Amino acid sequence: MEIIEFTPDRNQLAYTFGGRPPILTVRPGDALKLWSEDAFNHALKSVDDLSSAKVDLRFVNPQTGPFYVAGAEPGDTLAIHIAELTPARSWGVSAAIPFFGGLTSTDRTATLQDALPDTTWIYHVDSARQTVGFQARFGDFEVALPLEPMLGTIGVAPPAGEVRSSLVPERFGGNMDSPDVKAGTTVYLGVNVEGALFSIGDGHYRQGEGEACGTAVEGAMNSTIIVDLIKGGAPHWPRLETDTHWMAVGSSRPMEDSWRIAQVEMVRWFEELFDLHQMDAYQLLTQTAQAPIANAVDANYSVVVKAAKSYFPRQHAYDGLHATMRDRATRL
Amino acid sequence: MEIIEFTPDRNQLAYTFGGRPPILTVRPGDALKLWSEDAFNHALKSVDDLSSAKVDLRFVNPQTGPFYVAGAEPGDTLAIHIAELTPARSWGVSAAIPFFGGLTSTDRTATLQDALPDTTWIYHVDSARQTVGFQARFGDFEVALPLEPMLGTIGVAPPAGEVRSSLVPERFGGNMDSPDVKAGTTVYLGVNVEGALFSIGDGHYRQGEGEACGTAVEGAMNSTIIVDLIKGGAPHWPRLETDTHWMAVGSSRPMEDSWRIAQVEMVRWFEELFDLHQMDAYQLLTQTAQAPIANAVDANYSVVVKAAKSYFPRQHAYDGLHATMRDRATRL
Amino acid sequence: MEIIEFTPDRNQLAYTFGGRPPILTVRPGDALKLWSEDAFNHALKSVDDLSSAKVDLRFVNPQTGPFYVAGAEPGDTLAIHIAELTPARSWGVSAAIPFFGGLTSTDRTATLQDALPDTTWIYHVDSARQTVGFQARFGDFEVALPLEPMLGTIGVAPPAGEVRSSLVPERFGGNMDSPDVKAGTTVYLGVNVEGALFSIGDGHYRQGEGEACGTAVEGAMNSTIIVDLIKGGAPHWPRLETDTHWMAVGSSRPMEDSWRIAQVEMVRWFEELFDLHQMDAYQLLTQTAQAPIANAVDANYSVVVKAAKSYFPRQHAYDGLHATMRDRATRL
Amino acid sequence: MEIIEFTPDRNQLAYTFGGRPPILTVRPGDALKLWSEDAFNHALKSVDDLSSAKVDLRFVNPQTGPFYVAGAEPGDTLAIHIAELTPARSWGVSAAIPFFGGLTSTDRTATLQDALPDTTWIYHVDSARQTVGFQARFGDFEVALPLEPMLGTIGVAPPAGEVRSSLVPERFGGNMDSPDVKAGTTVYLGVNVEGALFSIGDGHYRQGEGEACGTAVEGAMNSTIIVDLIKGGAPHWPRLETDTHWMAVGSSRPMEDSWRIAQVEMVRWFEELFDLHQMDAYQLLTQTAQAPIANAVDANYSVVVKAAKSYFPRQHAYDGLHATMRDRATRL
């Protein structure tokens, strides 16, 4: 197994899923050590940098990739195991961008009201204590929060020739902003084009569920991932697996549709895992699922539906691929 | 502190919030041991009892109450601490009611499609192992799931003379179907009418987040609760507190509005708890909140936004009332 | 046929559907001349009366009624023909109430933004020219708009013991705010309780579709209506009929659900009218329906789906009741 | 003024907005006579051709274009006047595609129910009587409906490098499916890329509002259009103008957001047209707007908000460009 290290030049950054030639070809089984720029494209470096002045919304969520996976064909399942996520800077940044976020009107939920105050927060990373520090901008309150790195964005090229902004979560993955996309998680994505053309980015040093104000503790990230390929079997929507949970992510609007999508995908997965009738899978998940909102702020809202493995008989999805990749991750 | 025991006769059951005279008067500080009927009104007793034949939808979610709280006036805050929840029967029941639930069209999300098969599941309670047993209806699959009792419904009379079905979650609480309404939780509800007129019901032996098929493991319940009253300070929407979390529940449609409501209520609470500016509370919760969907199936969808106390400096909401009630609960 | 005149005293006004004893009993066939107060309960009389200071939101949309219809039983169809609507005052009033309306955040679509400026507009009625005069509040612009009286609110008592605010549109009718509820229209409502207990109110001197700011040109109204009763045959949702159109009104959230409800109700009606298979009715309406939004601002959003009679073979819904009532209206 | 005639070869058809090189360059002022294929790509020719068997969903809504407009730059306003629309075939076709449409569950509003029956309807065009003939598929009912040709799809390339399926309505126009896009209408679209790169397609011989089943009376179309360019002044969302109305189209989810978008865009337009304060424009439109749903079935739902010119003082949007183009259209 090769370990490929890659840090994009500024002009190599991608801002879309699809529409870009691959930056590198990788083979199933390869491990990658990747650097990604922060979601604001390094435009906010202090609390005095306001998003309205500094952030160019055409160039946000810069992606590292796309990577061409040798042998990947439409209908296949791309498996990406996240082995390790480490902040690549000593600080992260969050911002309340005017008319962007969950508790403000937006270009979609359009009202005639004024914007909330454009505000930037800087979080200092304490590597020893593994925290990021919140400091109030309108008072003296301070608190150190656990560092919990995750990737806001991971996805493949869309089908049907579409090219989507890296701000969009969809069937192809993308900007799902799920805190469950963290070290130890395997992400399964349906392949839509030859080579899959996946990319990652939008590292978060931590994020609450919903990502209420629209931006997490955004930061440049060093990611170690392992790539693998399952021939055929593409899930309808992204699936996640950890040592403890099976999950599916739905991304649409309104939010109940995101939930419906993820819940139906989990019903399908449970039918497969336990050879259940649809109605029994529906019932069993009704009594056991967790359903955290991942984001309530992006172009589509994302909901995760997850099932704790501990409740159920042991089953190995995809022939135990997650456990295999997890094992390899520990030996990198 | 008095302990009042009450088991309603069948003709004492209430099916609405509001619109009913109180069944009993209690004083702040009283503890109550209450029995409640299951959500189907005991109409489904075997897998051969189908909801279309047996369940009268005008008489579901029967409530135990309403109770008049001496001294409660509009604008006050009713605090109900759930001390203990114990199944009152040796079995629970769930059903996929035609055109009711999350993965079917409904009277609201109306389509021209046929209903899913009307199906009933019976779960046996194993008190020793503290489990409920799932048995597939269309196969042999069986699994014992942890018993995790909760109350689907807890609420007060609505304002403005409204009377709402006990199927409705709203600003007054009601059918929120949140798994966080369990033993150890204090529920804070704004009082709308003299005496508050609260009731409880819809006991669940367990339920997943979202309550996907529309019904949990429904069962008659023995509930021990402690009632208290805070003069003034009514929250806009229901708040919950446990030893580990502060929470708010929003119930509306579409689901993003439920989330917005709960997230704004938590911003308000954080402003109070930590003397924060609104923008700082918004930011801080963005990075720390959890946001589980409670129900995606009722007349309104319910979303819980919660904050883990362990992340923050110690603060005592409502002068530490939760801790006080929790303490009293252990001594009942 | 009797003509009953009724003007409620202030203390006779109702603010709910359901929950009130009848104010009068009428018989099928009776004509009623009714006076109704404006939606603000006469609290705004000049542009200097601001809603935040003067309007008590517990006492808005005052209803004239409820009327007990002799012989009406659950499952019957109440037919109310609107014979004539005439402004009862020489001026109407509209207001942008803080955090109420379509282009502002609300208690449901909750954000952290400031409210829009609380503003009141007075419209003078020119009876000779049949216009209402708009005058800009922040400039000199003036324009006379056609007087087009309609009833914002018409409904019956809800089922299952519910009592709903007169601000709510629902299956029982209520605050649908449809410009199609005007002179010449017959409204068909399913009866939920003995006597139906219908009421009317919320007269609008004119209103655009959507009622964007939340309030129409609100005014006291003189309404002449004829009441009739069809035994059985209750529609699932309100239906309207004019000389030119068949219509159904759906009221829910999100707005696509309101549309789905109304569209399905029209499919049902077309199956009945033309003895069509469901799929053919679906197709035929797809190519012919109109679908104006009635309100985008109330507790539920209302959408009307309508079909122009001129496109189709002549059919007499409810044995031609609309034509009969229309004819009687001309002879009052 | 040149008249350019263009009929694409099958391999020249485009299935996206953006992502394709221009097929032709036109100059502001040019008139174009264009042929477009039907939405099903000519795959359904009889009632026995079912969409599940014959339609390849990657190749639907084929576009004629894109056309490069000389001089068009981002921020400009493209004006396309529709001079004439004439059916290019003697029959049109509609279909209820499984899991597509408004009264069925879909890939987004996902449920576990079975699909509605896959059904195709053929409509014969009677050019003399200017009708299309509906024939029931499950009975004998027949009716001739007025021929009212419109374009389901008209749009420009999206911004930010995105490429969107021709099934999508958005800020860039696209698959809005508005019956108001017909002969006599001028469509104003903001330009996002050099040359604008507009295309048209998805001709409908007639369509009801909402396009309930998901497909109109689809047919190949001969379209005569005039293209013009306004430097700068790009509207946020598509605007339409006829001799009688000003309109804006919003396309998003949930449907209330589509309405909010269109209503806000009309407020902006009224501020410009009549030099009104935002609050006065909001109020004036509240009492005068029409708000038909265009589609309730596409990737985004589209709502049109329109204002009748007859209510207002005469104003010439864009220096009277619509009237000028309308006049030129009569002289082609």
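Just so it is clear, A, B, C and D label the chains in written order, and each chain counts residues from 1 on its own.
Basically, a residue touches a chain if its C-beta (ideal position, glycine included) is under 8 Å from a C-beta of that chain, and two chains touch if they have at least 3 such contacts.
Here the structure is a predicted model, which is why all the values come from computation and not from measurement.
The greatest centre-to-centre gap from chain C, using C-alpha centroids, is found for A. Chain pairs B-C and C-D differ in how many C-beta pairs they share in contact, with the greater number at C-D. Centroids of chain B and chain D (each the mean of its C-alpha atoms) stand 47 Å apart. Chain B and chain C have Cα centroids lying 35 Å from one another.
Here the CA centre of chain C is 32 Å from the CA centre of chain D.
Under the contact definition stated at the top, the residues of chain A that touch 2 or more other chains are 103, 109-112, 116, 253-254, 260, 263-264, 267, 279, 282.
Residues 94, 96, 102-103, 116-117, 119, 121, 132, 134, 136-139, 141, 143, 145-146, 206-217, 253-256, 259-260, 263-264, 267, 274-277, 279-280, 282-293, 296, 301, 303, 305, 311-313 of chain A are the ones that touch chain B when the two sit in their complex.
Note for the complex: chain B touches chain D at residues 103-105, 109-116, 254. Those residues of chain A whose C-beta lies close enough to touch chain D in the complex are 15-16, 18-19, 58, 107-112, 159-165, 236, 250, 252-254, 257, 260-261, 263-264, 267, 278-279, 282.
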